[in-house]
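Each of the next two complexes has chain A plus one more chain, namely chain B in the first and chain C in the second.
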Partner chain A sequence: MRMYSGQELVRELSQAFGPSGCEDGVRAFIRTQIGASCDGMTEDRAGNLIVRIAGRGVDYDPAEERRLMVSTHMDEVGFMVREITDEGYLKFSLIGQTDPRVLCGRHVVVGEENRTVKGVIATKAIHMQTAEKRTKATPVNKMYIDIGAKSAGDAEKLVQVGDYATFDSDLVPFGKDGRYIKGKALGGRLACAALIEVIRYLHASSCELAYDVYFAFTCNREIGISGASVAAFTVNPTLAILTGATAVNDLPGVSPEARVAALGEGCVLSLADRQTLYDAGLTRFAARCAEEGGIRYQIKQGDSDTSDGAPLQRSMAGVRTVSLSVPVRYTHSAACVASYEDYQALLNLCKAVICGLKP
Partner chain B sequence: MTLNQLIVSLCSLMTVSGNETCATQELQSLIGGAFDEMQVDALGNHLFIKRCGRPGAPKILVDTHLDEIGMMVTGIREGGFLSVINIGGVDTRILPAGEVAVYGKQTLYGVVATSPVHLLPAGDTEKLKPIGEMLIDTGYSKEELEELVPLGTPVGFRPVYTELAGGRLCGKGFDDKACGACAVFGIDAVPPRELAGDVYFLFSAFEETGSCGARTAGFGLRPDYALVMDVTHARIPDAEDRTLSPMGSGVSIAASAVTNRRLTRMTAELCRTQKIPFLMEAEPGNTGTNANVLGNAAEGIPTVLLSLPIKSMHSAAEVLGMEDAKALCQAVKAFISSREIAEVFGS
Partner chain C sequence: MLNMMKTLTACRGISGYEKGVSDKLLMMISPLTDRTWVDPMGSLLALKKGTAPEGERRKIMLCAHMDEIGFLVTFIDDNGFVRVTPIGGINFIAASYATVTFGNGTKGVLVPETGTAPADIKADKVYVDIGAKDKKEAERKVKVGDFCALEGSLTRLCGRRVAGRPMDDRIGCAVLVRIAQLLGETPCRDDVYFVFSVQEEVGLRGARTAAFGISPDIGLVYDVTGTGDSIGAKPMACSVGGGAAIKLKDSSVICDRALAEELAGVAKEKGMKYQFEILAAGGTDTASIQMSGAGVRVGALSIPTRYIHSGTEVLDLNDAEACAALTVAWLTREEKSGGNGTDAEAGAEAE
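And then the complex of A and B:
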C-alpha cells in the first residue's frame, strides 16, 4: 500500500467511499496509512478505530492514567437506495443532513466500497418545469438516481435496496496558487488526514507527552447517532480534543457576525455550538499555543451547528473538551471548499496542543 | 477517434452563445479533416463543405447548432466572487454547489456558492435564488479577478463525463454538439462519389438565443433541402408527457407544420428500409429548434428534423444513449446518400 502525505493524503481520504454505516473502506485506508507508526491500534465493536500513542517524558506518570482523546469522524453524508423503480431508476433517502438544493444533477457512486456503479441524480429538464417550480428546490422524494439501467431487471443486476451512495467528486486545487481545495466529505476527512499526520509526527519525534494520547476515528457522526460516544466510553479520557469542520457562510452581503468564520483565517476555535459549551480553560490554552507557535486561528462567531462535542463532553463522568476545526464552505455537498492553509493550521495546532498539555 | 470520443471532445469545448468563434481552431483540428473547406461567417456560424465532385449537384444542408447555454460574468464582488447572468435557459436547480469553468484571460475553476441550511431563515431553505443573485467562488481576490476576468467573460459548466451502465453517457453540452458529432461521423462515412449532392454541414451559432445563426446562414446558402438535428427530451418517470421517446428507441423524426411533410416521410422510409431504429415524434407547431427558421428562410427550404433523445437537457449532467447516437449517424449517412430525395428536392 502506498503511503500518502500532504494534499495527496487529503485527496485519497476525500475520495474514499464512506457514508455513515459504511465506513469500512475509510477505516481500512486509515489503518494502512498509520501502519506501525503508533503504540497500538484497535477497533471497537461500533466500528470506531482507536490509535494509541503512549505518554513519555518527565511529566508522564503511568500510575495517574491521564488520557487525552483526539477525535474526528470518518463518515460522510450520502444516500441509501430505497426502491428500484420499474423503469430501472433508484429512489433514495438521505444519509445525514444534506441540503436538497445541492443534489440535482450531481454525479454519484452507488453500491458498497468494493462494488460500485456510477450514476447521476436526475433532473427534469427546465423546459418541462413550471415557472413556480423553477424557484423551488426539488424535494428528495421526487428525485431519483439514473445508473443507465433500462429496466428494474437491469438495475437489480447492479444494485440492491439498501445500497449506499455518495457524491462522485474529485479533489481540485483552485484559486490563487491553488490555495483552496474542492472535494466531497471535507469535514471529518480533512481532520482524518490531519490526525494521521499528527500520529506519524508524534511517533517519529521525541516530544514529551504528559498524557497517553488516544486518537479516535469515529462512525455515524452525520446521522447524529454518534460513534464518538462509544469511543469515549472505550477510551475513558481525562481531556478531549474534537476536530472536524465548521460550516461557514463568508459570502459577500452576509454580515460579519453571520459568517461564523472565514476561509483563509486559520484554525477555528469554538466557544460553543448548539449543544455544547466548550471548556474555557482548554480553549484559552489552545489559543495561547497558537499564538506562541505562530499558528493562525480564529474564534467562531455564534453557536451555529451541532457536533460531536456533546457526546464527548457528556461521556462517563464528564470530559473537558476543546474544539479545533477547519472552516469549510458548502459543507455536505459534492463541492465542499476549504483552504489548504487552514488545514495546515489545524494540523500544527493539534501537534502544539497535544505536546504542550501538562498534567 | 470513436463516436464516444468525438462527442466528448466536441461537447467539452466552451461554445456559450456569442462565443462560438472561441472554438474555431479546435473545430478545425477535430473535424476539419472530414471536409474540403471550412468557412466562418459574421455571426460565428461554422460551415464545413464536403463536395461530391459533380457540377450542378444539389446543395444539401445538414445543421446542428454549435452554441450551448451558459452564463456571463456581470460583476466582481468582494472576497473573490463573481456575479453572473444566464445565457439561454440554464437550469438553476443544478447550480448550488455546482462546478463551473470561467473562461477569462485564463480558464479559472469555480464553485457556485450556497449558504448552509442551518444558517438560513426557516422559510428560505427550499427557495432557489434567481441566477442573478448567485455567486461563483473562484479562490482569487477581487483585485486579482479584476485583472483576470473582464466583465462579459463566458462561464460554462465544468466538463466532466461519466459512462453509465447500458451505454449511457453523462455530461454537459450534448445539446447540440452530440448531434454535431453524429453528423460528422455520418458524413465521413460516405465517399464523395456516393453523396447525393454537395454537403454543407453547418455548425450554427446563436440557436439558444433565438436561432438567428441558422436563419442568416440558411438565407446566405440557399440549400435545396435541409436536415436539422437537435436534442429532444427522452422519456423520464416524472414527465407529465408520456409520449416522449424512450431512450434507446433510436432517432426521433419530427412530424411538424414547420418541416416538409414529403421530405419527412421519405426520410422515415429511408430509415425503415435501412433498418435504422426510429420513432415518429409529434411536434405539430414550434419545434424549439432551427427547423423553425430554416423552413421559412429565403424562398423556403424543405427541412426535416431528426432528434437525439436526452435526459436533463440544459444541465451539467445531460444523459444520452450511445445506441441512439449511432442510429443518428446512420440516418445522416442514409440521408446525404439518398438519390431519391435528391431527385425530388434537388433543383
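And then the complex of A and C:
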C-alpha cells in the first residue's frame, strides 16, 4: 500500500468511508500508514486503535508507569438506510448531528467499505414546491436517497437496510495558494492525519520522552458513545491530549466576541466546553510550548460545544486533560473548510507538547 | 468556625481553578490528618487513619466542594471591556452591578449593556468594566482565559447567622475541617477520607473521580441546601437554624435510607437538632459518589442556606456545627452489632 503524507494524507483520510460504528476502513488505513513506525499497536474491544511509542531518555523511568494518551476520533457523521421504498428509493436516518438543511441535493456513497454505490439525496425542484414549502426545511424523514434503481428489487441488489452512507465529497484546496481545504469529515480525520505524522516523527527521531505515549484513534464520538473513555480505561493514562476540530463562527455578521476562533490563526487551545473544564496547568504548558516553538495558537472563545473531553477526563480516578484542535468552518457538512496552516500548527504543537512534557 | 469562614470566603476559586482554595485548605487539614494528596482532577484529599486493626476498618468518604460559580474571560474589546462566559449556575440579574475579583486580584464591575430589559440580562448581554481606557491597558491586567467571580464577603448578622459568599460550599469545607479537629479529640475506628472536590458547580465532576480513587464503603456530602423559610419560598420543611439537614433526596440523588435513618437515630439519641431535607431542585456531589465504581452507599448533611448562588447567602453557623457534631457522634458511636451491623441492616431492608 502507498504511504501518504502531507496534504495527500489529509485527502485520503477525509475521503475515507467511516461513519460512527463503521470505522473499520479508516482504522485499516491508519494501521497501514503507521506500519512499523511504532512500538506496538492494538485494538480494544470497542474498536479503538491504540498505538504505542515507548518512553526514553533521562527522565523516563519505566517503574513510574507514566503514560500519556493522545486521542482523536476516526468516525464521521453519516446516514443509515432504514427502508427501501417500492420505487427503489432509500429512506434514511442520521448518524450523528447534521443540519437537515445541508443535505438536499448532496452526493452520497451508500454501502460499506469496498461495496459502495453512488447516490444523491433527492430534492424537489423549486418549481414544484408551494410558496409555503419553499420557506421550510424538509425534515429528514421526508428525504430519500436516489441510487438510480428502478424498483425495490433493483435497489436490493446493491444495498440493504442497515447500510451506512456518507457524503461523497472530494478534498479540494482553494483560496490564495490553496491555503484552505474543503472536504467532508474535517474534524477527527484532520487530527488522525496529524497524529499519524506525529507517530512517524517520534519513531524516526531520537527526542526524549518522559512518558510512554499511547495514541488512541477512537470510535463512536459523533453519536456520543465516547470511544475515548473506553480507550482511557484501556490505557490508564496519567495525562491526556484530546485533539480534533473546533467549530468556528468567523462569518460575516457575527460580532467578534461570538466567533469562537478563526481560520488561519493557528491551533485552538480550549479552556472549556459545555461539559468539560480542561486542566488549566496543562493548557498553560501547551501555550508556553507554542510560544517557545513559534507555533501559532489561539484561545477558544465561548464554550457552547461538546467533545470527548468530558468522558475522557472523568474516566477512572480522573485524567488531567488538555484540548488541542484545528478550527473548522461548516463542520458536519459535505463542505467543511479548514486551513492547512492550522493543521500544521496542530501537528507541530502536538510534537512540542509530547516531547516537552516532563514528569 | 467564623474565623475559618473568613479565610475561606476570602479566596477565589471557580470550577476548574480551585488552586487558591486548595492551598488554604491544605494548610488547615494537613496538621489534622495522616496523609494528603491531590488527584488528577485537582481535588484535595486527606486521610485520617482509624484505630481499628488493618482489615477491620471501613473507608468513609466525607466530601465538600471547593469550587464556586464564576466566569471565564472570553474576549476583550477595543474599548477594554471584558466579555465573560458563566461557569456554573449564574443568576445574571443577581450578579449585575456587582464587584468581581479576578484570579490575580484585579477588580471590575459586572454590568448589563445599557438599555437591556431586566428579563433579557443573560451571558451575552453583560460585560465586565475594569476601568481600563482601552484594550491595551485592559490586557495588561486581564487576558482571555482568566477567571473572575463575585467578590467574596462575610458579614455577621443576628446570633450566629452570617451573610456573604461563597457559602456554597466553603461552609461544607469548614465543616470537614471541624470534623477533623473533633476526631483529634475522639478518634474513630474507621479510615476517614476528607475530600475537597473540584468542579461540583458544573456537573458534580470532581467527586466522581475522587470516589473512584478511594472506593469508599460510605460517602457523606456536606453542601448547602435550599430552605422554605424565606418570603415567597416554595413550601419546604427545612429552615435556617433548624439543625443539621439530613438529606433524603435532591434532584440528582436518592440517598441510602437506612444510612439517613441511622444518622437521625444518632441525633435523636444524643439530643442533637436535626431535620430531614427533600430538595426539589438542585444536585450535589452525593449523586456522583453514589454512582462511582460499583456503587457507594451515600448520605448528605446539608447546611440550610437562603439566597443560594446570590452575592449574599445566609446561613446559621450553629447548623454547620451541628453537621460536624452529628458526623463525629455517628463515626465514634459504639457499634451494637459489630462493624458490619449497618450493612446487615441495609440488606435486611432491601429484602
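Note that in this section the second predicted complex is superposed on the first by the 359 of 359 C-alpha atoms of A that agree within 3 Å, B and C clash if a C-alpha of one lies under 4 Å from a C-alpha of the other, contacts with A are read in each partner's own complex, and residues count from 1 in each chain.
To be clear about the criterion, a residue touches a chain if its C-beta (ideal position, glycine included) is under 8 Å from a C-beta of that chain, and two chains touch if they have at least 3 such contacts.
Please read these numbers as outputs of a predicted model, since none were measured by experiment.
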For A:T331, using the defined touch cut-off, is the partner it touches chain B, chain C, both, or neither? Pick first, second, both or neither.
first
Which holds for A:D168: it touches chain B only (first), chain C only (second), both, or neither?
first
First, second, both or neither for A:E197, with chain B first and chain C second
neither
Which partner does A:D308 reach: the first (chain B), the second (chain C), both, or neither?
neither
Looking at A:D342 after the superposition, I want to know if it touches chain B, chain C, both of them or none. Which is it: first, second, both, neither?
neither
Broader residue contact with chain A after superposition on the shared chain, chain B or chain C
B
Please indicate which partner A:G318 is in contact with in the superposed arrangement: first for chain B, second for chain C, both, or neither.
second
Taking the superposition on A as described, I'd like to know which of chain B and chain C A:A258 touches: first, second, both or neither.
both
Per the contact definition in the header, classify A:L277: touching chain B only (first), chain C only (second), both, or neither.
second
Both chain B and chain C touch chain A at residues 258
Could you pull out which chain A residues touch chain C in their complex?
238, 256-258, 271-272, 275, 277-280, 283, 299, 301-303, 313-314, 316-320
Hey, which residues of chain A end up touching chain B in the complex?
85, 87, 89, 97, 99-102, 104-107, 117-128, 134-139, 142, 144, 146-150, 154, 158, 168, 172, 174-176, 179-180, 182, 247-252, 254, 258, 260, 304-305, 329-335, 337
Per the contact definition, I'd like the list of chain C residues that touch chain A in the complex.
15-17, 19, 39-43, 72, 74-75, 77, 83, 85, 87, 124, 144-145, 199, 202-203, 205-206, 208-210, 212-213
In the complex, the residues of chain B that touch chain A are 77-81, 89-94, 96-99, 108-111, 113-119, 125-128, 130, 135, 137-141, 144, 160, 162-168, 170, 233, 236-241, 247-248, 288, 311-317, 319
